[in-house]
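Let me begin by presenting the structure, written as structure tokens, before commenting on it.
For reference, chains read A, B, C and D in written order, and residue numbers begin at 1 within each chain.
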Amino acid sequence: MQSYLMLAGVLFVVGIFGVITRRNTIGILMSLELMFNAANINLVTFNNFVTADGLSGQIFSIFIIVIAAAETTIGLAIVLLIYRNWKGIDSDCYGVMKW
Amino acid sequence: MDIGILSWLIIVPLLGMIVVMFLPKNNKWAIRWTATGFATITCIQSFWLLWDYYVNYSGSAAMAYVEGPFEWIPTLNVQYLLGVDGIAVPLLALTGLLSLISIVASFNIQIRLKEYFAFFLLLEAAMMGVFVALDFFLFYVFWEIMLVPMYFLIGIWGGPRKEYAAIKFFLYTLFGSIFMLVSILLLYFNSEPHTLNILEHIQNGSNLPYVLQMVCFIFFFIAFAIKVPVWPFHTWLPDAHVEAPTAVSVILAAVLLKMGVYAMLRISWPMFPEALRACSTYILLLGLIGIIYGALVSMAQKDLKKLVAYSSVSHMGFCMVALAAWSSEQAMAGVMFQMISHGLLTGALFILVGVLYDRAHTREIAAFGGLGSKVPVYTALMVFFAMGSLGLPGMSGFVSEFLIFVGAFGVLNQYLVGIGVLGILLGAAYLLRMVQHVFLGPFNETKWGGLTEINVREILTVAPLVVLTLFLGMYPKPFNILISETMQNLITLMAR
Amino acid sequence: MTEFAYLIPLLQLLSFVMIIFFLRWKEKVSSGLAVTMSVAAWVMSVWVLIETICKYIGAHGAHVEPFEITYYLTVFPKINLEIGILVDALTAMMLLVVSTIGACVQIYSLGYMRGDKYFSRFFAYLSLFLFSMFGLVLANNFFMIFIFWELVGLTSYLLIGFYFEKKSASDAGKKAFITNRIGDLGFIIGLLLIGTYAGTFNYREVFDAVSGGVFPPEVLVVAAIGLFCGAIGKSAQFPLHVWLPDAMEGPTPVSALIHAATMVVAGVYLVARGMDIFVGSADAAFVVAAIGLITSFMAATIALTQNDIKRVLAYSTVSQLGYMIMALGLYGYDTANGIHSPGYYAGTFHLMTHAFFKGLLFLAAGSVIHAVHTNDIREMGGLLKKMPKTGWTFLVASASISGVPLTAGFFSKDEIVAAAAHHPVFYFFTLLIAFMTAFYMWRLCFMTFFGKPRDAEKFDHAHESPATMTGPLVFLGVLAVIGGWVGIPGMTGFSEFVFHGEPYHTHVDWVNILIASSVGLGGIYLAWLMYLKKAISADKIAQTFRPLYLMSLNKWWFDELYDIVFIRPILTLGRFLWTFDARVIDGLVNGVAWFTLFWAEMKQLFDTYVIDGAVNGSGWLVSNLGQALRYLQTGRVQFYTLFIVLMIIVLATFRMLPTGTWLLWTLTFLCAALLLGLIGRRTVTNTAHTESEKQA
Amino acid sequence: MTDPSEVGIVFWVLSTVILVSAVMVVSLRNIFHCAIFLILTLTGVAGIFVTLNAEFLAAAQVLIYVGAVATLMVFGIMLTSDIASRRIEMTNQKAGVAVLACMVFALGVLFLIKITTKAGAGVWQTATEPLPADNVLTIGKQLMTEFVLPFEVVSVLLLAAMIGAIVLARREAS
């Protein structure tokens, strides 16, 4: 169990790192997916080792997968829009949210 | 849970409001007719209720069509509890009818049509709510909701001093509501288990200590008296009436003023019998002052609408006299008659004044003269309602005033009630003075030559009022049967 | 037929509704309908009268139960509102009077109102009036009589103000209505007392309660006087008589129908109807008699000097009504004292005959006015030749009212004089009034129909009126003579039909007859001397008794008095109260509002300098700090994410630290935040550079 | 029921693949390559699921992530960045700070995991019962009974997301 959780933790941190550092917006999205997967691994692990009398962990994972899919869709759509408006998807370029 | 007719009475106008809000802003036709449609449904419902109540329930004093109690806010023991009896049913019908009429009468509103009708339907829902609520919380909520659309209706579509009038109306009523809230809380914390059910409080009211009864009674009285309005809380009324658009004046006079009296009958009168006994002479005095004072001030008015507004003060004074004579069946029947009759007559008078104002753009009594030859149908209608208002037999006003006096004379100080009879004389004086100055005498052809006769839509708005006024005046028996059992029950409660 | 008596008023209502709503535009049809209905009512009334008489004959002096039906309007344990029909002798007589005059006036109006702008409306109003009047007469309880009492008041208002474009007419209508309402106040008080003590409004039950001693005596007096107040208003008795002369602004047929023959006698009818109550309280009955006498005398003196033909007739009406009231009052007073008096019979009998001849007088006067287009008798003269039918009928009616032997007025007046015979003061004044009546009536006759024309132009244009107008005149002229023959003294007739308590058996009292008729004839003779023979100069008398003359001419200054004493004060009071309302009560409200605002203002000052000072101080601090911290808001999501991670780390670190050192760490944390802000700022500047480079 | 201490060789292989390719995903310059490695990572996670007795989830992972999401990513990449030509810096200036922070964070997380899963820590009660054998069936049943409301909500959300994406990505009809 410990190993599984550690795998998830590291994967999560990698994801965070990606989110913080990627310049490409699509890259950020990918990193997000990594974080989602880390969370899923965690859930399934707990389901397997701790609350094995039910399947709520797995079901939650299913929902997360679905929501991740939705999120990706929207995210990509937004990326497309940004691309159209700024002719580029580098996250540094659109610092318009400041102040 | 099933949604009963009473809930529908509230829901339908609300639905109407929502639908109206979603209509395109520029489609005036659709907005008007949607609002009219929903108001018509509510009106039909309320009249069906009247009929059904008359057929099935008028023989008993118990609450009919009760919905609930459903838990609403369980921690406070707030319930959703609706029900009607003989005093609420006619007022519901009055509300339904006059809302419809007012909506039809406001077809000539031009600016911000959508908001206007939405507010109007919200107002209607709230009014219906007040008349059917049997839980203090619910009652209070509806009572307060009513203020909001009213405030905007006066404040946006009103006359030149609309802001002043709207604020004054709002603050005045809110001032009263605070007293009501305090009183409700007092009752709540003095009941065991804590409850907000009005009916339970009525049952237990006479067990309260005298001082508490007195305090609650007076607080409730202030709250309701402002709405009635009882002298000296009446000064919001002329301003609000004069500045409000026609249809709002109609609703204000015909329904809102009735709420005060209704609330007294529903809540404070049967709930605190001892306090009532102690106060009834003072209530009588206030009523008498209202009658005479309102009539005399009406006589001094130069503005048509203001005259009608002050006449309301006078007419509601009759209600207070009747309420002071709570132990008499006649007076209690009289107060119901007076409420309905005043609603019909004053509503019609406001509509007619509005009709004239639309054409002439002035309400100055002195500016007119001899209109009788130019607009005979309009004149006939106006004279008809003026006559009804001054208590001409054959119309509803007479029945109510007569019943009130018969009842009050039997149980109250006869000298004081005798003074009240003067109100009938003064009523004749100011109304005839108005009729003479506006419709009789020489006609100024150059000034008013272009005046047009009342049109079919406007006639249709007042036609039901004509019919009902005559019906109540000539055949009061069914109405009396409708309310008598409830009234008997109330009198028994008050006489505890 | 009696069972269908309710049809009599309802037919008139039908006529009114039909005309107002459907037939207004068709003048011929609407007038035809109205006339038909009134004639039908006349036929039915006669029928009812005959049936009632038969009933009385069949009873052979035994008590006759009147016909009565009741319908409840409301149901209460005590005091119901009800409507119903009561037909007894008094009702039958009144029905006949009202329907006769009503039918005559309607027919007459066909001619008189021809070409009027509101021809149909006039007939509608007349129908409405007849409806109300029949209802009033047929009522079986005080509540219902009050309803119709008010309705006749309304129609009177409408008809007086018929020429509403004339200010004087609309003024007169208003005055009539309001004056009547003043009387009605008393009426209502009376009704309320009756209702409260008797628990019912039904005549018979109320009278039973009175005789059963249900009423305390003082209450009964007040109730009786209250009822009489209604009569004072409606029958134009002193002090509320002022409306009737002004009511002559209405069309002349209206004056004849409403303000001479029918509506104004409603007061008399009420007193007669409620006679049990007056009999029960002698004081009230005496008040009635006294008011009647005062009215009668006052009106007679005023009539002496008026020059408007209709006004003379109006004051004459007031005077005659006072006569009837006085007779009824005396009857009540005498009966209460155990004397059997002819007053009741005399009053009601005079009511009937007066209706005939006064209706006729007005119609004839209308015919004259129609011909010469003026009301002023000083512009008339010698009209008898020009309009013989009108003239002769007028003379017959004048003879009747003056009590010339064998005319209707002779018999009825005779009985009134007889009723007053026990009371010297009343007797004296009654005779004096009879004398004055004869004098002013014949002054009118002589100035109008005899002598030389004073206004040649008007005289030349004068012509006899059409048959629709003269027909009713002749019919009423006949009635004005033979109408009184039903009450010839010593014969069975009116007195055994209309009575209160026991029937009064008349007997021939030659002394009385002689005195009464000689007084009347004396008045006529004096008028002849003054106005036809000019043996006595009227001007000279007027000069000699100038104050009295002025008093009479100015109608005892009642209008001016009321104006000063009542109308102005009330209007002023109204205005004052309005000011009071606007200044004091509203002032109070606005004052509270002002004070609240003032208080708010004060608080605002406090807020601005004290609280806001503190707030601004901290605000200044915060904003300066924020100036630094705002660099954290780079607008880049990734930076935020990084920050979140850092913060998680920081917080987790805090969590693990010993509790005491948190303050130190927080400060460190803030410093770190500021530091990061500065980093962020650098980044932003860099980005800005990049962007500008890109654009370049 | 696998013993917590006993981790098979499969796990090690899978986790190595996952972590390596994850690092590739966040560090490679060519975004297209990143996508390829993302697919690899996701497949690895699916394998992990299989070892955790979550066969259905594994299938869903492969289908949705590998099949749909990753493909979507690839499409997005091709639509937006002119991948072939552009060679830009794949990480920004924050990389240094980020590396530091992430290190600390990772250490913290690992430390937490260590102390909480330590035998006798008693933070989590280890399950005694094995997972139900018929996993897929149970998931299906529970989705349609106990979790039907979230299920419906999620489906509505998905629909909304779809519509939203269409609206957002729609070309202005200019």
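In the analysis below, a contact is a pair of C-beta atoms (placed from the backbone, for glycine too) under 8 Å apart; a residue touches a chain by one contact, two chains touch by 3 or more.
Quantities reported herein were computed from a predicted structural model and do not represent experimental measurements.
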Checklist entry - Moving only between chains that touch, what is the shortest number of steps from chain B to chain C? => result 1
Checklist entry - By CA centroid distance, what chain is farthest from chain B? => result D
Checklist entry - chain A to chain C: how many Å between their CA centres? => result 90
Checklist entry - What is the distance in Å between the mean C-alpha positions of chain B and chain D? => result 67
Checklist entry - Between chain A and chain D, what is the gap in Å from one C-alpha centre to the other? => result 7
Checklist entry - When the centre of a chain is set as the mean of its C-alpha atoms, what distance in Å lies between chain C and chain D? => result 95
Checklist outcome for this item: Two or more other chains are touched by the chain D residues 92, 94, 98, 101-102, 105
Checklist entry - So which stretches of chain B touch two or more other chains? => result none
Checklist entry - Considering chain C alone, which of its residues make contact with at least two other chains? => result 638, 642, 645
Item to check | Chain contact topology (line, ring, star, complete or other) | outcome: other
Item to check | Chains that touch, pairwise | outcome: A-C, A-D, B-C, C-D
Item to check | Touch list for chain A against partner chain D, complex | outcome: 1-7, 9-18, 20-24, 26-27, 29-31, 33-34, 37, 40-41, 44-56, 58-59, 61-63, 65-74, 76-81, 83-84, 89-92
Next on the checklist: With touch defined as at the start, can you tell me which chain B residues reach chain C in the complex?
Outcome noted: 168, 171-172, 232, 234-236, 238, 293, 296-301, 329-330, 333, 370, 372-373, 387, 391-394, 398-399, 402-403, 405-406, 409-410, 414, 417-418, 421-422, 424-426, 428-429, 432-433, 435-436, 439-443, 475-477, 480-481, 484
Checklist entry - Which positions of chain D touch chain C when the two form their complex? => result 92-94, 97-98, 101-102, 104-105, 108
Item to check | For the chain D and chain A complex, residues of the former touching the latter | outcome: 1-2, 4, 7, 11, 15, 18-19, 22-23, 25-26, 31, 34-35, 38, 41-42, 45, 48-49, 52-54, 56-57, 60-61, 64-65, 68-69, 72-73, 75-77, 79-81, 88-92, 94-95, 98-99, 101-102, 105-106, 109-110, 113-114, 117, 124-132, 135, 138-139, 142-143, 147, 150, 154, 157-158, 161-162, 164-166, 168-169, 171
Next on the checklist: Touching residues of chain C toward chain B in the complex: what are they?
Outcome noted: 72-79, 81, 117, 143, 146-148, 150-151, 154, 157, 161, 164-167, 169-171, 173-174, 177-178, 181-182, 184-185, 188-189, 192-193, 195-196, 570-571, 573-575, 577-578, 581, 585-586, 589, 593
